[in-house]
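Below, chain A partners chain B and then partners chain C, in two separate complexes.
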Partner chain A sequence: MTVNEENKKTHYLKELQLASSPVKTGVSVIEQARLKAADDLSIWDLPSLRDEDWKQFPLKPLVRKHFAPAPVNSGIAHSDIEHALITEAASARIVIVNGYFSPELSNVDKLPTGCYAGPVSKAPINVVDQVNNFYGKVAQYGRDAFTAFNTAVTHDPVIVFVKKGVALENPIHILHVTDASDASVYTAPRVFIYAERHSDSTVIEDFIGKGEHAYFTTSVSESVLEDESHILHVKMQRETAEAVHISRVASKLGRGSNFNSYMISNGAKMFRNEPLSLVDAENAHATIDGLVLVDQDQISDTHSTLDHLKPNCTSHQLHKVIANGRGKSVFNGKIFVRKDSQLIDAFQENRNLLLSKDANVFTKPQLEIFADDVKCSHGATIGQLSDEEVFYMQSRGITKSEAIQLLTYGYALEVIENIPVPSLREQLSYNVAAFTGASIEAKDIV
Partner chain B sequence: MSRLTEAEAVDQAASRKYKYGFKTNIEYEEFPRGLNEDIIREISKRKNEPEWMLEFRIKAFHHWLTMEEPDWPNVHYKKPDYDQIIYYSTPKEKPKKQSLDEVDPEILATYEKLGIPLHEQKMLQNVAVDAVFDSVSVATTFKKKLAEAGVIFCSISEAIQDHPELVKKYMGSVIPTNDNFFAALNSAVFSDGSFCFVPKGVKCPMELSTYFRINNQDSGQFERTLIIAEEGAQVSYLEGCTAPMFDTNQLHAAVVELVALDDADIKYSTVQNWYPGDENGVGGIYNFVTKRGICKGNNAKISWTQVETGSAITWKYPSVILKGDNSVGEFYSVALTNDYQQADTGTKMIHLGKNTRSTIISKGISAGRSQNSYRGLVKIGKKADGARNYSVCDSMLIGSECGAHTFPFIESSNNTASVEHEATTSKIGEDQIFYLQQRGLDEEEAISLIINGFCKEVFKELPMEFAVEATKLLSIKLEGSVG
Partner chain C sequence: MLKIINLHAKVEGEKTEILKGINLEINQGEVHAIMGPNGSGKSTLAKVIAGHPAYEVTDGQILFNGEDILEMDPDERARMGMFLAFQYPVEVPGVSNSMLIRQAVNAVKKARGEEELDPLEFEDFIAEKLKLVEMDEKFLDRSVNAGFSGGEKKRNEILQLAAMNPKLSLLDETDSGLDIDALRIVSEGINSLRSEENAFLLVTHYQRILNYIKPDKVHVLMQGRIVRSGDSSLALELEDQGYDWLVTETHVNGEA
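Coming up: the complex of A and B.
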């Protein structure tokens, strides 16, 4: 493309960014990154269908609409978020409304001493130190337009800091609410999680919306794991049917650390997840599991990267998809094993269930191995429910539609059942059941 | 004496001979370097081609001009200078050697290991052979047998002269002239190649492999192959040879088209062992091939088998378009890379018809500092009810300097189809080697045995005698790379 053409193009994200007035955090690294990213946006354009990684994710529906920065004063009340609350996290709840921290709806009083969860502007100095060290380096905003956009316009990033040796008893629930009742808006929530040595924590990031208007969310979450620490990360995307959701969940693993990530997505009109795990020290383990439910005209796109930079690490990825209606699901799972990263054991599995005639699935598992003493495998299947299984259930007196619902439900549970938060599992089970149309009773829930 | 100097020596000997004027000068007039419309017209004229063939070439050339050399494959090389290539030269007759004693002993040793019969060794090295094994007489017998069955098997230039209606109907029907950069180039300048037509209901009386092997000739830089199997016909074709081939043309851009009508069955096997460059990655052939078959009719079957061990860069994706209902596509591949070789190979299975089935078995072995990639596409169209695909791609790494990559693309738009793909990457287990050493095998034998087990699923698809040679070929290729 010539310079002239380049100049004529309107930079969509740059325009959106110019309209924003992000809250000043007072943290130098965040402000510097903001300026740098804003600069980058005036050079970069949105990826097009010609980019291999964006081939199946047309951005037209996004670009056709204009989104304004979401306002700070919003009418979101407790009753609006009640359905999404998690009982176990009652004392560790952070609610972000339209990208702004909401002190009224949040509750983080009972965290152990030395731990912190809340906006960076109120964080203690030792926490800010770690933010200064790692912010932006894990999610790598220099790599793509949307992460840069988030870096430029995010307000006051949420920080979770778990002190050395502390095992948090209860999960921390970060609930992002976007209010699109009055207009089309955009938000750019950002989360930074820092786990000190030997700590153990569960963080649930949750995205919901309100209102009939379209809205656009770019979210970025970064996790840094010190040696021997453990983070269990759940990302739930249950936005409204008009939302466009683009997110990156990045993590950097220290020696012997363990990062378990589960992404459950069934909302939004179109959404894209980009998990990125840098397994950067020996004996670390990363899990990035995902469950995607698409129906009607929904488009889902998952581009994951598992990068093994050091020897003796293990990873596990199970990505399950159920596509109904005219839904479309895209999966590209990259696994890298760098030179001299010997004795890596990496496993990746992608299963796709097509329930309707018009659903589409595109999948591209990808292994790139530069070390010889490794055990890496991937598998991908696209198919439908087995006739025999359905017949078996029918012969036991279950109707065909019920049998299909039950089997689909069982198929989805493989991902959900690993999440160790009972009330969340329950909510997710209901979500899946609602999707498949199965009727479940409380006693059936795993 | 190194292998390359041997090739040079042959060239020198060849030019000496021409000086004495066995052939007239005009026939050896070389074309100017580079490519333009005049050159194409001249090629077409020399080959005495009909007007439509020239149009075909010119059209392809104009497409080619608008295209860019692709850079998406996972290979790195210096792009050839297309203005420096001589696009046409009349085949040279190589000097006959008196006996095998004149041949580089290193090459003979390789033949010995491959178990190539003596008379074939002579053939391959252009040594005058005695009357009993005279290739011409053998070939004539074969030709007679084929003609009796009604099979047309000749060079594509002959086919253009003798069977223009067939060539016109099918050439470019599977790989259009504007398909890709290298296919367009080939369509514009192709020199020669093979043409095979098996009429309705005929089962080709012999493996065309056998014939081809005896008749082994310089395939040329821009080879073009077209195979047509009519209703119910069956044919098996083998291209290439396990014996090492030295060629001074660096760029090879061949096109192979297969057409299978109702109930037809085409089996196409390739063994490629071209010059891969020296151990420092200098020189070697760029092998950029477009191969595609179409199962046009119902119940048709196309099967590709390839053993790729040579070339500095291999870049090919033998594909099958499964258009007819119940048609079957198969792809079996072993790709071995050593030293600085790079291979980006795989297949495409495009399911369009109902109940179409495809199988992909790909085995990649990388050693030395080589890079080996599998890239494949399985696409299930909207109307391909009940389509099935099963793919396995396994990679094995030998040494810590090489790389193995897999890029499978799977796309499905039909909810009654099922696609399964699995891939593994591993190394040869120390316990496996130890176990075999315990049983009295040395390390190299043990590795060779394990590698052959790894590739067995593919080798069993090859015609018998080639399977035996391919097995040996792999162990020769890997000699000294382990330890």
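Coming up: the complex of A and C.
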């Protein structure tokens, strides 16, 4: 690498940030974090391939391109997002276009009293108080330029606030749309979810795009769970084939709380997911399951961290991958069990299904256990479909290629079937079927 | 309907032959039982007929309705009207039972040049078949065999058999692991599907199922060869005396 290139890389995100003009939120913690992150970007470098955590995720396709801040006035209309809408969330939908809140496309009229979903600039004072307490403290990524970049350039973060004791009947759908119809752009969506005691909610963060140009999305999501609250979190990454998507989903769990997260990724040219769960009080449970579908030259990179900071907690991580074409998937699942965190029950499994000779999978479970009375199981498998399964289907008159499609579809469904939103499950089933080429009918959806 | 001539087979990539020259002919309307001790090659025979890729046929012929099927894929054989009920039915998480059975039925219908069933027509169609094996319709919405008990899995095989309406059914130890009620249900299901148009080959270790399904012919398979064929009374003889006397006898005849 020449000195010139090295310099260019160092300042890449800083350059992008300098071109931005983020919306003022009026919330002190956010504005302060912005200034600090902008300073950090002058110093922090992009990770290089020499960095162990990034060596399978070459950033060249990113730094070779220039991305401009996505403009506020975009022609995105209802018809552009219709395919991605979720029936159950019709009255709890927040649409963010190019990083800006879209009042025309959003609809959050029917939330129960005391709950809030919308931009922070319009949030009530008690909600802003919690933002001030926790913003930027859950998504802890150390010296990470991408999180700093998001913090510096994000506009008006979306806040979801679920009041004490409220069980939301319908899921909240946060749809991030990037319009790359006219130019290569970047967006940096940010979401902050606060669940008060005994509340129960489902939040879907969803990423789609429009247009033929390349675009770059850095998203950060933070969830704070008070005691005995439940959040079911779905992250769907279905960006266009030209997108580069880098995302953090962080959560901090209170006593007896439950954070169940399902990440479904099948879009983008290259994408990276970094789930981080801080299980920071007793009797809490975190699930961070994932489903990755990669084909052609797609690259998927998952670096997760489950941090058991307190005793008597459980966690579940099933990360399933289907790799076709020349697709590449990387999994590094870190689980920490701290010295005094006894009686932890942590489950981790990474299963990889290779459908082609040229697909590549790298898997690295990483358990660091400092307590001595814990149960941690982990496993990683890389394989093809079993001959016995294929023969079983064939003996039913189904051709080998149809059998492979059906079995692959079934394999993916193990993650999808946990999502308690029927219309979303249906959409995802069709996505998976389209990926595997399986032909399914509405009646077949589990 | 099925004619097997001097069939030799082994596990792909291995040297030892499992089937060492099988000759067998099954006609329309007949039920044949293949009996034999463990490791005699009974299940292998059923799988080889169905086209299991783990086995390699080294010599001989299998004719199905006069056609040599050895070069055919298992799904082609199935679409021609052959069905294998598995000894260990495979679990397929994520694929619903109704989805598999509908696709199977339609694959066969298409091959026969018949109209395929849409999901609604299929619902009516399968309701009838469910009664036959006394299965609740909720089994249709569950993933194929996933979490089914042993008996439920075997009933599910017969449900698929009933739905696909094959000409030749190969039942690989369908009776093993069944309690008496499940055995009765499975047997009655099979009996009601018997007709002058189709045929069955029952592979079994025990005589028990033959109390319910009366075979036209019984064959004893030992060490890869059919050592004796007879009518249904042969099964009773085996029940009384086991297989040892046949070992002795074949040895005496110098055939072993």
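We take it that the second predicted complex is superposed on the first by the 433 of 446 C-alpha atoms of A that agree within 3 Å, B and C clash if a C-alpha of one lies under 4 Å from a C-alpha of the other, contacts with A are read in each partner's own complex, and residues count from 1 in each chain.
We adopt the following convention: a contact is a pair of C-beta atoms (placed from the backbone, for glycine too) under 8 Å apart; a residue touches a chain by one contact, two chains touch by 3 or more.
A quick note: this is a predicted structure, and the numbers were derived from the prediction, not measured.
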| item | value |
| --- | --- |
| Partner chain(s) touched by A:N132 [first = chain B, second = chain C, both, neither] | neither |
| First, second, both or neither for A:S42, with chain B first and chain C second | neither |
| Touching partner for A:G410 - first (chain B), second (chain C), both, neither | second |
| Touching partner for A:K400 - first (chain B), second (chain C), both, neither | second |
| Touched partner set for A:Y392, first chain B, second chain C, both or neither | second |
| Complex contact set, residues of chain B against chain A | 72, 380, 395, 397-427 |
| Parts of chain A lying in touch with chain C, wherever the complex brings them together | 387-389, 391-400, 402-403, 406-407, 409-414, 417, 440-444, 446 |
| Sites on chain C touched by chain A in the complex | 50-54, 73-75, 77-79, 83-84, 86, 89-90, 92-96, 98-104, 107-108, 111, 119, 141, 143, 160, 164 |
| Residues of chain A defined as touching chain B within the complex | 52, 339-340, 342, 352, 354-357, 359-384 |
